[in-house]
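Read through the structures below before going on.
Look for chain A in each of the two complexes below; its partner is chain B in the first and chain C in the second.
So, the complex of A and B:
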């Protein structure tokens, strides 16, 4: 008797758990579905009540983002494609340099003990925690004085600084996973440390470098605060451009949704490619290394 | 005695000398490597972080506007005094605190719950897991606009669902409290996957043998969860908690796109307030002081995090 009672409670719990999970899935996936659907809605279908699930797809949002077709010449589409180009240039350049510097620093932090190492590591990571608006108060002045305001060079600089700390910590995590004996044996055999680093250790963390680049790219690609304050016309990135996507009839929702979809595609690809290292990237290389 | 005899032998002396030379060369090449490898990172961080922060502290003692850079009047601690006695600023802090509390609580609870379910192996797990991670991949500004669009009181899909369920439409973004909850819902939507990711990994890292031992002792599922799963994954969950605390405390992008700080200035976070003071009013001195206050809080939280991370890094 007790047995049947517990099992009915179990069953109820199970259904409750499933129900809550289903609810969460709707909450989680619903908005993404809505974003995708809305990116194909033209102005006529956008504001209807009840909202339409079936309609003739309108590609004007995507045409504006990629600078093709009829919609590229509309007033609200001016400069949107340029901002996509800016986004690509800034994120790729910023990511490459941040990963390059971070790999070097991460190797040293993994292999050597030096005075102030703990402080250096804290300083490096704290840059990732920094509220962008705080430093922006001064960047605003500094960039104007150095002639970096509204330039891609300026944004690349910001992108390096914003990601190099993360890259250093993640790469340290990957280097920690390589046995120290690799260099020791190389040195005993008469090779230099530099040779051991370049020819032996570096190839062993190739996957790690790719994963680090993936992470830095995602952050650089989605960055908004810095780019929104430090650009005015020429160097706007896509997230900044769409936040100002107001036409004669108010906010260009179709364009914003299309840009949102376009922005998520490379991130989705990178997420998939680095899925094994996701945990490591999210915990600064501390967890999830094997 | 043998040592002395050996050192008198010229051949072995030369060998020892050579060994010392190699040792020295190795050490100095190590030093060169440390210096060479760290300097680019250090240089860019000094230029982009240390220099701006020191400048902020310096400007925070001046009555200064970026628009009129010629006039700079030293005012001592007046900027800080003014800010700390300004009831508006306290409201920003209270709002930010409420927002952080709601977000972090919801995200941790939902994240741990979903993570606990996702640790099991089932068919299609990888696909579902990737789908669940998607909100985190979006740019915060896109998230803000997406929710603003869905929450529109006239033609938003959420009010459509609300009114189909028989309730009156809610003016989500036009009133203070609904706007707070709307922002929390958007932030929770975006960042719960992050907790799910960390929690799942933490839960899967617990050795099966511990559960088996508990099974033998006849432990209930609740006991298993509260006495084994939670304590054993606490260090990882703590990292997740602190990271979310820091990130939601400095939240800015989301509010720019979702509420624009409105209605009035009721949904302005501290970060938002810094930006408004600096880039709308151009009270640069005052904004610097506020930025310094914000930095102190964030650096305090970061120190807790880093100490914890370093400890974990040694353990794993």
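So, the complex of A and C:
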């Protein structure tokens, strides 16, 4: 009796959990699915009520955002290809440099004591707590004066500033997980600390570097506030471009959806490529101590 | 055995963030000896080894190694090898390359043929030849420490620094590997500084022992010397199994009187007593204490607080009005918990310590 009672409770709990998970999935995946669906809808299907789940796919949105096919030279085409290139360049360069400097700084903060280390670490973290709005105006003035306004170089710099603190903190954590005996063994045996860092310690934290790069890339790729203020025409990134995607005939919803899909795809590919390292990165503390 | 000093530490001082780890530590390790550094966690064992290897920056003191002052010398130029307790193997290298690691460094660069020969020979010595091509994360704890010891041995350094090398292993493995280390030492003549908190491990492997606590060497010598004349109460607490028994005592009319005990011992039995003022403590090696039933003449009384049956013998803990002590007795002595226990300190079987400083104030050597 007791046994069947507990198992029926277990079953109920199980269904409840499954139901909640299903709800959560719909909540998360639903909008993305709708975005994907809408990006293939023509102008007519887009506003049909009730919304259509089955319709003749229309590639005009994608043609328009890439400026190819029938939509080429069309006045209503928004054309996001340039801003996609901008986004890729700014995100990749910004992430690479932020991770590079963050790795070096994280190692120093993990292994060496220096005066004001605690304050330094807090300062580094505080750069991430700062709301961008607080400094936007000053960046705008400064970049205008330096000739960095509306340039990719300027956005790469902003991206480094925004992410190097986060990268330092995450990498410090990963270096803390590497026993200091690694360097001690190397040094006692006549190797240099540089050798130990490059050849022994860095390979041990490569999962951490991948995880850090993942975080930084997401932030850089999604960055909107700075890019929207600091760019006007040349250096517009994809999020900024999408937010203002109006053509000659009003707001181009299908194109916005198509551009949105284009915005999501690189992130998916990137995470697919580094998924193993992300997992390694998360369990590193356990693996490293074995 | 020669007694040329191999390692000489003089007045080492080191603090970490205001916390002193080494307070004026002096230590000499002779050539070709195994010197065990015995002390509790946080006593300064690791710091002593790291300082000898040059891996920490000292606040003060000099380090002499193989007849030269290496205080300011690079760790890599000191020609020492170090084995740690836990983390030793480099996960990015396989077993063979971990052992060869020491030979490939810019400081000791050897030809690949020579490296392969020496790695093979060392692996054979430690019976890990079958593991050479394995990844280190597939090894057991005992295999890992063998590989770590092999990496230390392969270079034939002037000195080995072993920081609790066996402590992470289970008892059986530990005893086996300890005996092997001793064997290797006998065959290859080497100097080892072996830090451990394990008393049995220390006396089993070492030629001489240094008792370390509070960042200073409390006493150094052979175990027999330390038993014969322990320098202070710290030494008494760290040496022996069970360790030294201590009784609160005082001096009355030229006799040492243990608090609440019947026995009166003439002070003369302890030789010249440096300072008889203030509180004193009578310390006795448990092996010297006589215990028995009520028929034991001139004895004091205590109570058996705990009995730990070891199969072939028993360890008893006796509560007395002057303090408690532990002692191993044969199974034939029929004590059980709660029994009354008579005990007596035999003639010449104890040391007097100053209660405040812990220093020994009696001069006569114990029975040994």
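Note that in this section the second predicted complex is superposed on the first by the 235 of 290 C-alpha atoms of A that agree within 3 Å, B and C clash if a C-alpha of one lies under 4 Å from a C-alpha of the other, contacts with A are read in each partner's own complex, and residues count from 1 in each chain.
In this text, a contact is a pair of C-beta atoms (placed from the backbone, for glycine too) under 8 Å apart; a residue touches a chain by one contact, two chains touch by 3 or more.
The structure presented is a predicted model; accordingly, all values stated were derived computationally and were not measured.
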{"item": "Chain B versus chain C as contact partner of A:47, first or second or both or neither", "value": "first"}
{"item": "Which superposed partner A:88 touches (first chain B, second chain C, both, neither)", "value": "neither"}
{"item": "First (chain B), second (chain C), both or neither touched by A:59", "value": "neither"}
{"item": "Touch count on chain A, higher of chain B and chain C", "value": "B"}
{"item": "Contacts of A:182 with chain B and chain C, given as first, second, both or neither", "value": "second"}
{"item": "Touching partner for A:191 - first (chain B), second (chain C), both, neither", "value": "second"}
{"item": "Which of chain B and chain C A:200 touches, first, second, both or neither", "value": "second"}
{"item": "Contacts of A:36 with chain B and chain C, given as first, second, both or neither", "value": "neither"}
{"item": "Chain B versus chain C as contact partner of A:253, first or second or both or neither", "value": "first"}
{"item": "Touching both chain C and chain B, counted on chain A across the two superposed complexes", "value": "187, 192, 288-289"}
{"item": "Complex contact set, residues of chain C against chain A", "value": "50, 53-55, 75-78, 80-82, 84, 86-88, 90-92, 101-102, 105-108, 137, 155"}
{"item": "Interface residues, chain B side, partner chain A - complex", "value": "26, 29-30, 33-34, 36-38, 40-42, 44-45, 48-49, 52-53, 55-56, 59, 66, 69, 110, 113-114, 117, 130-135, 137-142, 145-147, 149-150, 154-155, 157, 160, 164, 189, 192-194, 197-198, 201, 236, 239, 246, 250, 252-253, 256-257, 271-272, 274-275, 278-279, 284, 287-288, 291-292, 294-295, 298-299, 301-303, 305-306, 309-310, 312-313, 316"}
{"item": "Chain C contact footprint on chain A (complex, rising order)", "value": "179, 181-182, 184-192, 199-200, 203-204, 288-290"}
{"item": "Chain A to chain B touching residues, read off their complex", "value": "17, 20-21, 24-25, 27-29, 31-32, 34-35, 38, 46-51, 101-102, 104-105, 107-108, 112, 114, 118, 120-127, 129-142, 157-158, 160-161, 164-165, 168, 173, 176, 187, 192-194, 197, 218, 221-222, 224-225, 228-229, 239-240, 242-243, 251, 253, 256-257, 259-260, 263-264, 267-268, 271-272, 275, 278-279, 282-284, 286-289"}
